[in-house]
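Below you'll find the structures, each written out as structure tokens.
After this come two complexes, each holding subunit A, first together with subunit B and then together with subunit C.
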Partner chain A sequence: MPFIPHTEQDVREMLAVIGAPSIEALFDEIPASLRVASLPDVPVGLSEFEIMQLMSARARQDGQPLCFIGAGAYEHHIPAAVWSTVTRGEFYSAYTPYQAEASQGTLQTIYEYQTMMASLTGMQVSNASLYDGATAVAEAVLMAVRANRRSKSARILMPRNLHPHYRAVALASAGNQGVKFEELPYERGSGHTSIEALAPFAGQDFTALVIAQPNFFGVFEEVDALTDFAHAHGALVIAVVNPTSLALLKPPGQWGQKGANIVVGEGQPFGCPLSSGGPYFGFMCTRMEHVRQMPGRIVGRTVDLDGRPGFTLTLQAREQHIRRAKATSNICTNQGLLMMAGTIYMSLMGAEGLERVAALSMTRTEQLARALTAIAGVRRVFARANFHEIVLALDRPVAPVLAALRARGIEGGLDLSDYFPELGCALLVCATETKTTADIDTYARAMSEVLPAARAA
Partner chain B sequence: MSLPMREQLIFQYSRAGRGARAQWPPAVPADAPVVPEALRRQQRPLLPEASELDVVRHYTRLSQLNFSIDTHFYPLGSCTMKYNPKACNAAALLPQFAGRHPLASASHGQGFLACMFELQEMLKAVSGMRAVALSPLAGAHGEFAGVAMIRAYHRARGDLERNEIIVPQAAHGTNPATASMCGCIAREVAVGPDGDVDLAGLRAAVGARTAGIMLTNPSTLGVFERRIEEVARIVHEGGGLLYYDGANLNAILGKVRPGDMAFDAIHMNLHKTFSTPHGGGGPGAGAVGVSARLMPFLPLPIVAREDGAQYRWLGERDLPQSIGRLASFAGNAGVLLRAYVYMRMLGREGMQRVGEYATLNANYLSAQLQQLGFDAAYPQRRASHEFILTLKKQSQEYGVTAMDVAKRLLDLGFHAPTTYFPTLISECLLIEPTETESKQTLDAFVTAMAQILREAQQEPEQLLRAPHTLPVRRLDDVRAARELDLSYHGVER
Partner chain C sequence: MSDIPSELKFARSHEWLKQLPDGLAEIGISDHAQHALGDLVFVELPEIGRALGAGESCAVVESVKAASDVYAPVAGTVVAVNDQLRHTPELINRDPYGGGWLLRLRPEVPGAEAGLMSASEYGVLAAQG
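Then we have the complex of A and B:
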């Protein structure tokens, strides 16, 4: 029997100990009217060989297109040592480290992760991961409402140039608790949120301002001025950041006069395969003054009975298994294994390696933008410095162009016309350090062939 | 036991100028674009400067400080720590699946989407629900989706007063926490001495404000709620809906379906019942299933099969009443692929065997431990896939607690059962062996428990000071919370 080790003799002996005539008899407390005899809608079982044949065939069907989509998930080189270590059974098949003495490996890794993330973001504390970037934003919003006791409005200023999926998730997750979202427009010529966009809220009560750095368009924001405006109004600042970019960018803890209050983002760029959207990990860092409002698990270093250092889950009185209805969040299972991949990734890259990844990604995106905008009918939309993504405008609808590129084995970017109809025929493209000059040439050549053809059609 | 006893922090391997250079991309040319000066980072973050060997050896050593399913029997109640077949991982990490961008077109994803569609169909079949969405990222996230759908259902009917969620006394902490996150009020109902919900209390609690009830069945007490049909009738007649917390689905897989028990919404922990790895705390996946009346409210996105057997994601236009998007993309796709492979390998007969052998193992272990002299919390009831021992007697007679027994088990090479949950039962151990453990492993556990009982009587110090053989001894949790040390600052204290 697949994955069930019992022999017939085992079963006989076990039933004799229980004093039951059959396995079936063990279900005698369940009303007979509710029982099912079989599951005809589930296919019959396959051997490991058969399922691997099927999965390999389906994987081949999907292929490996040359992909220039970013939009919240980024293809970076993942060192071989990351997943060979992460998939060790001792990490892969362990549970949440509730029994600290039997889980020091996981707990120490989390402590190291917390250290790295706090340093990268310029904050004092990090939790042990949330689900993903979008849910981390939603949790940050709820945390800000709890932490900002001066504000009574539960009103959150949310820039339109934050990832549209993050905005949607925040609304679906926090809307049920009476949180009100106000959308901040972006400058049409530059793509950033200018301080003028905040003017209508001057002198008003709002709980927190969300700042995305870089924003969804890849454009850098003037974070210092935005941060100071929020703090001058007694509001908290929620920074939503790309972790790779932090190798080069001023950490949120140093934004403006006082620094951001809560820093969240998508950890996927650190060692997580793209994998159609997950599993990734969300990260969250904050200042010590807000730590008791932070959701998720936190590991602390302490001592054992002999006075020697050891690691344990701490501040658990915030969590659902202790505080129940009054917990900071309902989160229990998080994304521990992906956090571990992120920790090993950061350890291998170090500060210098991460700087190189960030700088080369920025460079490749600029090369791509130059190559594409050299083609008639393609232009830049925003005149402002950007990280590793850029918005381009086409002189015709984007969807048929992307379809034609797809036929040539290229995923040419994200069509923004549904998300940002005000931008017209706009395309968001990304090139990380994994894209070579030859890859960029391939894309540009395909685009230059596709555009005239699309015009002729 | 030859566990390495400790390992320094990764930061202590750092030496200025060292690095895993083979992993780094080349430096950029001098004329490369740069970050505007005002936004530039001035000081490098504290990341290790270590060689690849340093990093591999460090994290390999750390891994060896862990207990895991691959190394130890792990009978953690309520967590379903069954074996995670290796093929599931191998298939999910095939380069085309691992490398597929979440926003890549459906034309570059028909193979992946076919797996997702068939997973939805299989989960419908085993749960008895009408439709399934895969995007919730963990059990508690699925609970959120379920309660949000229940709330959306009442609102769509103009029934705006219904904001109470009933939970049994012994419910998982996530249940009341989820009710709060959905803007509802959690209201507890009592559980009777036999472990079933107190129906008189339930009748008194159900009313015009009832949005629904959240139940696990078998309950957290390790017994099947026998009057589930009556519970469903009371709640439905009162205008509420029923939510099934799938944490204990392993017990009844292939034997009873939540849909047939009249539940309206359910989440399934794919990292429990469908054997995806727990990863030291995650990732999970909390697919949700619904009855017909909740179908319009399912979270986005969902895979549909169109004419010509083409698969595509359904979005807002297709499901305008949806509670919306709950995750950055389509959910923990890599976890979903692992669950898909597991379900295909087990097939329809294997699914039924899961519930059968999980139940056989739990009842056998319960019987053996009771013969040793341990007290079951519900001796008159059948165990489901898990059961509760109460060590009240041992604690009174020998002064040892459930925690002492748990820690001593670690010394003897077994991960401890869940301790002190549910809180309804004093000095309890919640034990869930799962179907993938052999009789021989269970017998070894019984032998260890016999030794512990003997030690409790004759040399309780062995328990009170346990564990003796692990990398650390009992930790000072009070100090951990009072003198917060949550990150390393470059200097050892």
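Then we have the complex of A and C:
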């Protein structure tokens, strides 16, 4: 049976009604020069058996390295119950619900997700999730421009120590819609954005300030001072946070005198495997005063005609199917499956479990930093408190060192030389609660073997 | 049949304009428009002091099933907005030509409202749906 149930007869009848000679003729509008006649590089389809063989072979190639890379995606323990629940037939869909109100279970899960995220961030409302952390930042920037009607400049202050991919996506997405970005430098000795970095903008019109907590280097920012500076200038504050860290840190809703206005981030640390970079989910929370400018779906609780409680999509006039070209975003869906995993993860961990994950990850990273900096040729770059990630400087180029570690079954971190050339031979490392003392010893031993060898070569 | 006061001027996009004695122009949406939108739940109003061109989007009215832009029938500067609508948008449903007014403009060109439709002309348009 064909997957799309249009028979030849159906197609002929439909074409006759609209007076088109063929389906091909419907694409006449696209200039011939832009059309591709065939796709020779796309192979023919494989059977289930063949694809299993191919993918197993590729998985063997990847191996199971001991991973010390963070940089936006973090390897945390995922309780088995998370994915065995997510993959139940009732929940197993990648997408936002259609005929939404018929899917009360899904809506209730989204509602629980929103409630937990709002509580974690100290905000009043959360959407049902976005694609990932990077697009969530881009959406937050566009939202801030709509929400801050006092500011005419569409100018966003964005710190250089925000994740470089997030900066690139925000620039590509919002930069082409008239938004101007100003890059804020970080302190070379400490890795954080000092209040002095904002001094050139004192007294000027800017729309929003982005604050990453912790920043890409894992370093903590002076969030209160930064937030108050932005608010004193009539600007909004966009907080970009690691959700795990919120178990230990003050929620963005309490930053400074008035709190952040929009909180976004990458939801992957909550129940989503690394899986080569995705799919993950982005989260976005805000205050009620900005809710009509928020993109994405929102689930609300209500009562039906008989007064029984139920769940429904709400505030839909922000979305494409109603506002058309003037919708808050072209994203009017959510990352359903991954958000579901995040919700179950949060429910299973609870506030206490999450706090233990965050605290243990911090401890492990400090343990790793101590073990590695005990080796000659490795030192810390920034003298400031950090979460579960830290920048180390090597006495030689990082890439060959990482390659040598990889040959020993260790992914030793992220080489920063392409992203932050000003830091020289810098390496970003991370150890979460999944790394044991034995793992850290293994890494340190391998590093001490690799460094003299690289020097000789 | 919707209510169309004869002393008002109308735009094709269903806004009304009332000439006030002090030379200001009061703007709202017609009874026909509020009826078509249904129960209003939110109104977004412009900032005081904003300069609007004729036909420029100056407010948004949102009902449970739709959201619509409101366009300035004539060019002018916003001098007042109906703050009561922020908490009671349903005033537009109850009293579209009175308590449900949206904003007041100081018209850029006095007499520009002469180019708008009369109540009887608008009545024909509204009757067509």
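Simple rule for what comes next: the second predicted complex is superposed on the first by the 401 of 457 C-alpha atoms of A that agree within 3 Å, B and C clash if a C-alpha of one lies under 4 Å from a C-alpha of the other, contacts with A are read in each partner's own complex, and residues count from 1 in each chain.
Here is the rule we use: a contact is a pair of C-beta atoms (placed from the backbone, for glycine too) under 8 Å apart; a residue touches a chain by one contact, two chains touch by 3 or more.
What you see is a predicted model; the values in this text were computed from it and never measured.
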item: Partner chain in contact with A:Ile18 - subunit B first, subunit C second, else both or neither; value: first
item: Contacts of A:Glu101 with subunit B and subunit C, given as first, second, both or neither; value: first
item: Touching partner for A:Gly271 - first (subunit B), second (subunit C), both, neither; value: neither
item: Touching partner for A:Arg292 - first (subunit B), second (subunit C), both, neither; value: second
item: Subunit B versus subunit C as contact partner of A:Arg149, first or second or both or neither; value: second
item: Touched partner set for A:Lys326, first subunit B, second subunit C, both or neither; value: both
item: Of subunit B and subunit C, the chain that contacts the larger number of subunit A residues; value: B
item: Touched partner set for A:Val169, first subunit B, second subunit C, both or neither; value: first
item: Contacts of A:Gly253 with subunit B and subunit C, given as first, second, both or neither; value: neither
item: Touching partner for A:Gly218 - first (subunit B), second (subunit C), both, neither; value: neither
item: Subunit C-contacting residues of subunit A that also contact subunit B; value: 317, 322-323, 326
item: Subunit C - residues contacting subunit A, complex; value: 42, 44, 47, 62-63, 65-67, 69
item: Parts of subunit A lying in touch with subunit C, wherever the complex brings them together; value: 149-150, 292, 317-318, 322-323, 326
